[in-house]
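Each of the next two complexes has chain A plus one other chain: chain B in the first, chain C in the second.
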Partner chain A sequence: MRNDLRVVRALGVRSVKQTFRRPQLMAPIIMFPTLLLAVQTGGAAAALNLPGFPPVDSFLQFMLAGAMMQAVLLAGNSGGIALAVDIEMGFTDRLFAAPISRYAIVLGRLMGTAVLGAVAGLWFFLIGLVFGAPVADGLPGALLSLFLVVLTSMVMGGIGASIALRTGKASIVQGLFPFVFVILFLSSAFFPQELMVEPAKTIAQVNPLSFIAEGVRRPIIGGESAGDVAAALAAIGGIGLVAFWLSRSALRHRLRTGG
Partner chain B sequence: MPAIVVEGLERSFGDLWAVQGVDLEVSESEIYGFLGPNGAGKTTMVRMLTTLLLPTAGRASVAGHDIVTEASAVRRSIGVALQEAALDPLMTGRELIRLQATLHGIPRRDGERRADALLERVDLADAADRRVGTYSGGMQRRLDLAAALVHEPTVLFLDEPTTGLDPVSRKTIWEEVEKLNREGTTVFLTTQYLEEADQLANRVGIIDSGRLVAEDTPGALKAQVGNPHLELVLAEGSDDAAGIICEKFGKPLPAKDGKVLVELERGAADVARVVLALDEGGITVESLELVEPTLDDVFVAKTGYHLEIEEDEPEPSEAGQ
Partner chain C sequence: MSRASNRATIAALMARARNELLRVPGAAIPGVLAPTIFFLGLNGVFGSLVQLRGFNTDSYLTFLLPVSMLQGAGFTGAATGVNLARDIEQGWFDRLMASPAPRWVLLAGMAFSASARALIPAALVLIVALALGASFPGVLALLIAAVLVMGMAGVAAFWGMTLALRYRSQSAAPLMQAGMFLLVLLTPAYAPLALLQGWLHDVASLNPVTKVIDAMRQGFVGDVSWSDTWPALLAIAALLAVLGAAALRGMNRFNARA
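Showing the complex of A and B:
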């Protein structure tokens, strides 16, 4: 058990180094959400004046949670791609042939994804600070949001990892990239649910990412956050369970079939 | 106690049988060469013995542990260098060996010390802090071998360790394998190179279409297929007369490339007598060569075809079906 924790840490460190040494993995996690944030806050700030828009200090303050959500989803996808690349080049065989828990291998990758999620979260808090959209609930609020962001990146990484383990092909995991955007735009990450039209509104109401986005957003924009944070944690837990079940099944399938 | 015991081991992928009813035993401190062409089942066998793949039927134990029910104990006892050097091109050589040490539960300081020693041993100390992606094929294989040794395994599995390497790199790997074996490590080596099996292995198992078709020491296997033969290049026009003389010493073989061939019943002991008899018959011998049977002859005798080397044709897996 103790060695498994050492292995998780070592594989997490490798995962982070791998991302920083391969800029094409890092770019989507930070660059895309930053560009989208710039475009949306520059072009759609008038949405603030729509009746029913939540009370916020600025459109940027509202959008920060969406940008973070996008970053962690892409981090999860990148983590899945990196794991699939490991499978393709046989690196996972090195890990599977070692006397460690197979879950430690997946957890190591998720630790790396969590660090990247934290980096992305801090980056967007910094952007908010620089461009006049600080966290309304101060440092405790920022830490709470960051905590949710890190947990989300781990469970989304778990989904990416399970697909990588099941398919063993980086191209397939990479092919999920557009779905990340579809799922995200069908949530309240970038726009208030109340102002959406059907059927997007109904989908957003049941989309777990909406619950997480609201949980991340609440401490940033201020107001009573306990309910939103609890709902976010429940959604993260649900996705986490699905990710765990998919990963376990994929690991067993890999051992049984050899590929 | 044998280092590896395999009884009726089988593995199928759908309708395709990659390994069929293989039985074998490898003694401690032995180098066992598993010889066969691509797609014969060598890699599938190694993947089962290293716990990376479950068998369909049969059983096997490695270092005294069952590969299915005691997989973790097997993994603690073995070192593995698979067919494609499974290296992360973005890591440095030193990082990889240290990670491997962590995977095997070696304390950090010990791991660092062993990594330094192993990098020195495989002559990669100067390149230790370079990314693996910048290494040559031979350097990558040596690094892979070093990584497999970090926990001092009792049984080492090498899956085609020299495929695609230049002769110098190949020789370096051979020397290292022989050295490891002298130090007491049991080596299970798959190869498609006849020369490699002949040079390194104490015993050779020949696998074809998933079945073990022959198994013995290289010398005994070669002895099974016949005696050495003499290849003679003679002065023009004397082949028929020479054939009649040579018949007295052994079975004539079909001529090849203008050479007269005769299998010698007494091997090298007959060479001088053949030359003398030809000389007495007025036949000038321009050159001669005594050719021992090779493992290729054994392979042909057992399978009906020559072992031709093809690079990197993958063995089946269910995912690839």
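Showing the complex of A and C:
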């Protein structure tokens, strides 16, 4: 157990260092969500005047959760790409040959993704503070949102890792990049569900990412958060179970067939 | 080098880009699909903005379509920069530089190939939008849109190539994409200029691509007029001149350092 934890820690640190050293991995996680946040905040802020828009201090305050969701989805995708590169280069085979738990290898990658999720969350809280959109529920609210963001990045990383383990090809995992935006746009991450246009509105009602986005957003914009946070935790748990099952299946397949 | 051989070189570089597209179609799929995905997604999310006073259309699909076509041009142009960076990394570009072809011909060949390729994502998003009920803008407006999309892809290609020649690595890809992403979206992309807030309103007022967006929207929203067309053509020409000169300078420096 102790040995496994050391492996998880070592691989997690490696994963974080790898991301910070390669701008092409870091850029999507921080740069693109920040650019989109800036553009959407300036471009669609008049939406606050729409009847039915929830009460918020500013459009930026509403959009922070969406930017965080985008960052963690992209962090999961980047983690999957990095794992697939490790597989292509033979690094993962060397880890498989070592006397360590296979699950610790995947968990190490997920720890790295979780750290990146935390960095992204803190970055967007900082943007909110600087540009006049502080967290309505204060520090406890910020910690609660950050906790949900970190958990989400881990489960999204799990999905990315399962695809990497199944395919072993970075190009395939990278090709899923546009689908991150499909999932994101078909959720209430960027706009109130009630004001979305069909069929996006109906899909957003059942998209688990909508529940997570609402859970992350509620402490930021203020109001009764217990129900939203509980729904977010349930959605994260559901995605986590799927990610675990997919990763376990892909790992077994890889160990059995060698590719 | 005669004019005929310059033309042959440009045609060969365009044929190479076409072959790449045909032989590795998977590599082009994200770039082709991304503008359509953004288009559909943004329409689903922000579609109700047309209820606001100040929109001169009741269809957000129609309002957003020209922006998505330009976004496709930006992505395609940036991909040309990434491909050049790959060619530099793999040594193929050194062989190209050893050829007697003038530098500007090499740049023109790559920029023209980007312009031609940009019509693919633009056509896809146009077909999807028309199928979903966007208004047909008329043949003249479509021709203007095609010219502007090709021009914008050339601008993006020069931008991408300048960065590729500077950094000589595919690691610069996010910078190539982000530059075009900003140039196209720091405009009245999501809402008319009057509805943009604060700094974005000021930046969009100064951004030359705002003129391009306005011209692209002709026919889709409002009528086609020369007074809305020539500023866009001028803006594209100016961007092509500035970024083309920067790319040529980068190529000459590349040669000197090599």
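Please note the rule applied: the second predicted complex is superposed on the first by the 259 of 259 C-alpha atoms of A that agree within 3 Å, B and C clash if a C-alpha of one lies under 4 Å from a C-alpha of the other, contacts with A are read in each partner's own complex, and residues count from 1 in each chain.
In the analysis below, a residue touches a chain if its C-beta (ideal position, glycine included) is under 8 Å from a C-beta of that chain, and two chains touch if they have at least 3 such contacts.
Since this is a predicted model, take the numbers as computed values, not measurements.
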Fit or clash between chain C and chain B when superposed on chain A: fit
Chain B versus chain C as contact partner of A:Ala45, first or second or both or neither: second
Touching partner for A:Val206 - first (chain B), second (chain C), both, neither: neither
Contacts of A:Val182 with chain B and chain C, given as first, second, both or neither: second
Vertex chain A angle, Cα centres of chain C and chain B, expressed to the nearest 10 degrees: 90
Contacts of A:Gly168 with chain B and chain C, given as first, second, both or neither: first
Contacts of A:Ala98 with chain B and chain C, given as first, second, both or neither: first
First (chain B), second (chain C), both or neither touched by A:Leu241: neither
Greater chain A contact set [chain C / chain B]: C
Chain B versus chain C as contact partner of A:Phe191, first or second or both or neither: second
Partner chain in contact with A:Ala230 - chain B first, chain C second, else both or neither: neither
Chain B versus chain C - smallest C-alpha distance in the overlay, whole Å: 14
Overlap of chain C and chain B interfaces on chain A (superposed complexes): 22
Chain B-facing residues of chain A, complex: 3, 6-7, 10-11, 14, 17-18, 21-22, 86, 89-91, 93-100, 168, 255-259
Partner chain A, residues of chain C touching it in the complex: 26-27, 29-30, 33-34, 37-38, 40-49, 51-52, 54, 60, 170-171, 173-175, 178, 181-182, 185-186, 188-191, 195-201
Chain A to chain C touching residues, read off their complex: 22-24, 27-28, 31-32, 35, 38-47, 49-50, 59, 171, 174-175, 177-179, 181-182, 184-186, 190-191, 195-197, 199-201
Residue ranges of chain B in contact with chain A within the complex: 13, 44, 47, 50-54, 72-73, 75-76, 78, 80, 82-91, 95, 99-100, 102-105, 131, 147, 317-320
